[in-house]
Amino acid sequence: MKDVQSEKDIRNIPLKHVGIKKLRWPLTLLDKEHGEQNTVAEINMAVDLPHDLRGTHMSRFVECMQELGNSLSLDALETVLDGLKSHLQAQKAYLELRFPYFITKIAPVSELKSLMDLDCVLVAEKDTEFSLKMCVEVPIQTLCPCSKEISEYGAHNQRAIAKIEIVMSEMVWIEEIANIADLGASAPVYGLLKRPDEKFVTEQAYNNPRFVEDAVREIALLLEKDSRIKWYRVIVESIESIHNHSAYACVEKDWE
Amino acid sequence: MKDVQSEKDIRNIPLKHVGIKKLRWPLTLLDKEHGEQNTVAEINMAVDLPHDLRGTHMSRFVECMQELGNSLSLDALETVLDGLKSHLQAQKAYLELRFPYFITKIAPVSELKSLMDLDCVLVAEKDTEFSLKMCVEVPIQTLCPCSKEISEYGAHNQRAIAKIEIVMSEMVWIEEIANIADLGASAPVYGLLKRPDEKFVTEQAYNNPRFVEDAVREIALLLEKDSRIKWYRVIVESIESIHNHSAYACVEKDWE
Amino acid sequence: MKDVQSEKDIRNIPLKHVGIKKLRWPLTLLDKEHGEQNTVAEINMAVDLPHDLRGTHMSRFVECMQELGNSLSLDALETVLDGLKSHLQAQKAYLELRFPYFITKIAPVSELKSLMDLDCVLVAEKDTEFSLKMCVEVPIQTLCPCSKEISEYGAHNQRAIAKIEIVMSEMVWIEEIANIADLGASAPVYGLLKRPDEKFVTEQAYNNPRFVEDAVREIALLLEKDSRIKWYRVIVESIESIHNHSAYACVEKDWE
Amino acid sequence: MKDVQSEKDIRNIPLKHVGIKKLRWPLTLLDKEHGEQNTVAEINMAVDLPHDLRGTHMSRFVECMQELGNSLSLDALETVLDGLKSHLQAQKAYLELRFPYFITKIAPVSELKSLMDLDCVLVAEKDTEFSLKMCVEVPIQTLCPCSKEISEYGAHNQRAIAKIEIVMSEMVWIEEIANIADLGASAPVYGLLKRPDEKFVTEQAYNNPRFVEDAVREIALLLEKDSRIKWYRVIVESIESIHNHSAYACVEKDWE
């Protein structure tokens, strides 16, 4: 059967990426607390294509994921990239996984445990070197310092999302990133709170007002201190309770 | 050219709906304050199909919208439905439009004007009778009565969405529905607030704590009093600031 | 600590639903082929609220899910509903779970296995009786009979979604619904196809042209024959390859 | 009233962006064919924040949009950015607008006119220099060359999205970008086609098979020839009719 993809291409245009998008895949991930956890990822995979080749072989991307199976460690990410490079005769390989990840939160007074879901993204690339970027979206609470200052009582507050992207030289756990986000917040967010917990977090947030500008700076200070983190970008976006749009701030470390 | 759609069908199954979905269309709507406003709608259109006919003619749905042009009044909705019934030899016609609609809000102290966007849906149907359902999603603020009661200071609050669906016997403006939603809230939401306004709405919300259960009941009381409204369903969903999930309540009037 | 939710309410309005929305939860489901599979669900839970009670206790919804743990059988669904009714002193309980579910597809020539993801919804309710509705969205291919008939060669085809909702008197597997969807299609959709498979499904679709009207009728005929299925609604929506909108058809069984 | 935002900040961290996200706004845009058209945009706006200032004034972002009004030309974009820089004492300003834009397509045989919607993004920035990036997503059809070659009849085809991002030195119309996308496709996509048109585009696509790799290269060749275009990135993503995931290719011009 003719292999149309392998035809010579005379248009002389190398492609940055050819591959597949929006492939859903069940995954078992390493979990700091429980050893492992199961989730469902949406995957984008790609390789580069040289200027003189017409196309890639799309079915091999799925086969590379099948070789992996479902257990995903950092080593496994590099194995998938090596597999893509060799099965597709490529110089570079790209793998992006988006998935919800559950952490356990402990309510501050009752000490009841509950799950909370974080949206995470891993972007792994390999040319000659393997590189990995991790992005974790942590729901937090922000309470407006201006509203507190100018009002006789109360202060508007809301759910916000702290989106923390990092490049690391050594393993950093999603649970650690979630903890850093909480330290930048007016108060953390929980899956389950009883009344004494609700009193606690309400007062904690009121005692700890934070603009989005404050939150990204507090988070950046903590990321700066961590020698495993080579680069970071932090965006905090507040789902403003007094407006129908968001407020946001972004801080980004310079590449060295 | 053969008309495959008009073939006789022997499977003997009448279809409830055949039509098109996700057609985007620029519209000019009536506006209570400014006479008219422009928006972009996503449209679903359908007719019924008798048991002995194989298919409908999909291009005629778009042609019926073209006959309408872009100016949409209530009369025009019925004209589109009549057009569908006649061009497609159908007994029933269905038209659903989803669009953002902008209302003007006035800040409570500075009296500055600003726009706020509401997601709206119109569902028009015609068998022998024309019927119309309208749904308006109004962003509001809810402040938790429990959090206020049990905390020494502060109270968690958040943006919520009041989704109000009505069937009316006489014209009710989107602006009127938005106003009813505000009356059920701890405080309204605005596009633009200066500091004296922010102080006002912060204190207003604190003075006016509302569960989602309270908000739907307050809104239902107002809808009950309006003789133009024959049926309603109200859902208020709070984007909880202390959790990563929503709280919601729903009240629905019985059909008489 | 004061229990504000338990206050008496004098507004005299019973609520249809009070509860939580958009709670994400890891689940282990029964799997026809492999015994079980892991997924991540988005959950809505609610109970009714009598006219004279101010509010419900939102934290108990999460506690009811925690009592379940993560393994979800049909029996477990009813246990959750009974738990909601007893912990929240309610007459009615409602539980809705949305999750991706993976089935194994076998390529028609190479016989290679691959996973394919389906979006599923379970809606369980209990008043005095337990009821369950299941909705499965199956990606399929539709090839246009009109385009094939009038063109000298080729025919436009596209991915479509067959959304099959059923109420059952006995257990029906998601895998069985997916198979019924495939039988209504021009050709099934697969995770992995090699070239001989691609030739097979291309020719299969061309030999088997189906309008969305045909697809819903073929599926309805198969559902009608299955004595376990008491009610169904089928919607097939084609992501038209020649338009930027969809074509769709809907058939719905009358309640007996 | 105290201005908390204007407090001195000692954390010594400059912020890349502070501003608002997801503000919806009605806009009137220039239209190549009709002079102007109305749409609804979602807007992100930001400025930089120096290391020693605690916060920005979020309400001024909305005021800068109000100064603009609703008529948006390229000159107006720069005016908004200058307004942000001056009202917020910033060195840099950022403005991103996402909106649907309608173009008129003419059916190839019947010559009937119909609208088609494109998702567009404008990103304008000003430090000392004004810069503008435009992104247009054009729905097109791709027909698989491999499927055509290996099958005795038929070929799988599907809707695809050509996402074309450009930086321009002179005005390029959205309509021109849409036309370039069509030239890279197996066939264009239309709002309205009668049967002779459907025959035409079915045969056109069959005569003109294109992988996503072919489509991005054809589009890149056309963009290369246009001296107004200083940089481009093209992604074509096919909503594969035989899979439940997409195939995609990306080509990006090097910065000079």
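The letters A, B, C and D name the chains in turn, as written, and every chain counts its residues from 1.
In this section, a residue touches a chain if its C-beta (ideal position, glycine included) is under 8 Å from a C-beta of that chain, and two chains touch if they have at least 3 such contacts.
What you are looking at is a predicted structure, and each value in this text was computed from that prediction instead of being measured.
Common neighbours of subunit C and subunit D under the contact definition above: A, B.
Distance from the centre of subunit A peaks at B, each centre being the average of the chain's Cα atoms. Two copies of one sequence, subunit A and subunit B, touch each other mainly through matching residues, since over half of the numbers at the interface are common to both. A separation of 28 Å divides the Cα centre of subunit B from that of subunit D.
Taking each chain's centre as the mean of its C-alpha atoms, subunit A lies 34 Å from subunit B.
Here the spacing of subunit A and subunit D, counted between their Cα centres, is 25 Å.
In subunit D, the residues that touch at least two other chains are 1, 23-24, 117, 146, 150, 191, 193, 195, 199, 244-245.
Contact residues on subunit A toward subunit C in their complex (touch as defined above): 1, 3, 23-26, 28, 37-40, 59, 62-63, 66, 100, 102, 114-115, 117, 191-196, 199.
Taken in their complex, subunit A has these residues touching subunit B: 116-117, 139, 141, 143-144, 146-147, 150-159, 187, 189-191, 193, 195, 198-199, 201-203, 205-206, 239-245.
Taken in their complex, subunit D has these residues touching subunit A: 1-2, 4-5, 9, 11, 13-24, 46, 49, 54-56, 58, 145-146, 149-150, 211-214, 216-218, 220-221, 235, 237, 244-252.
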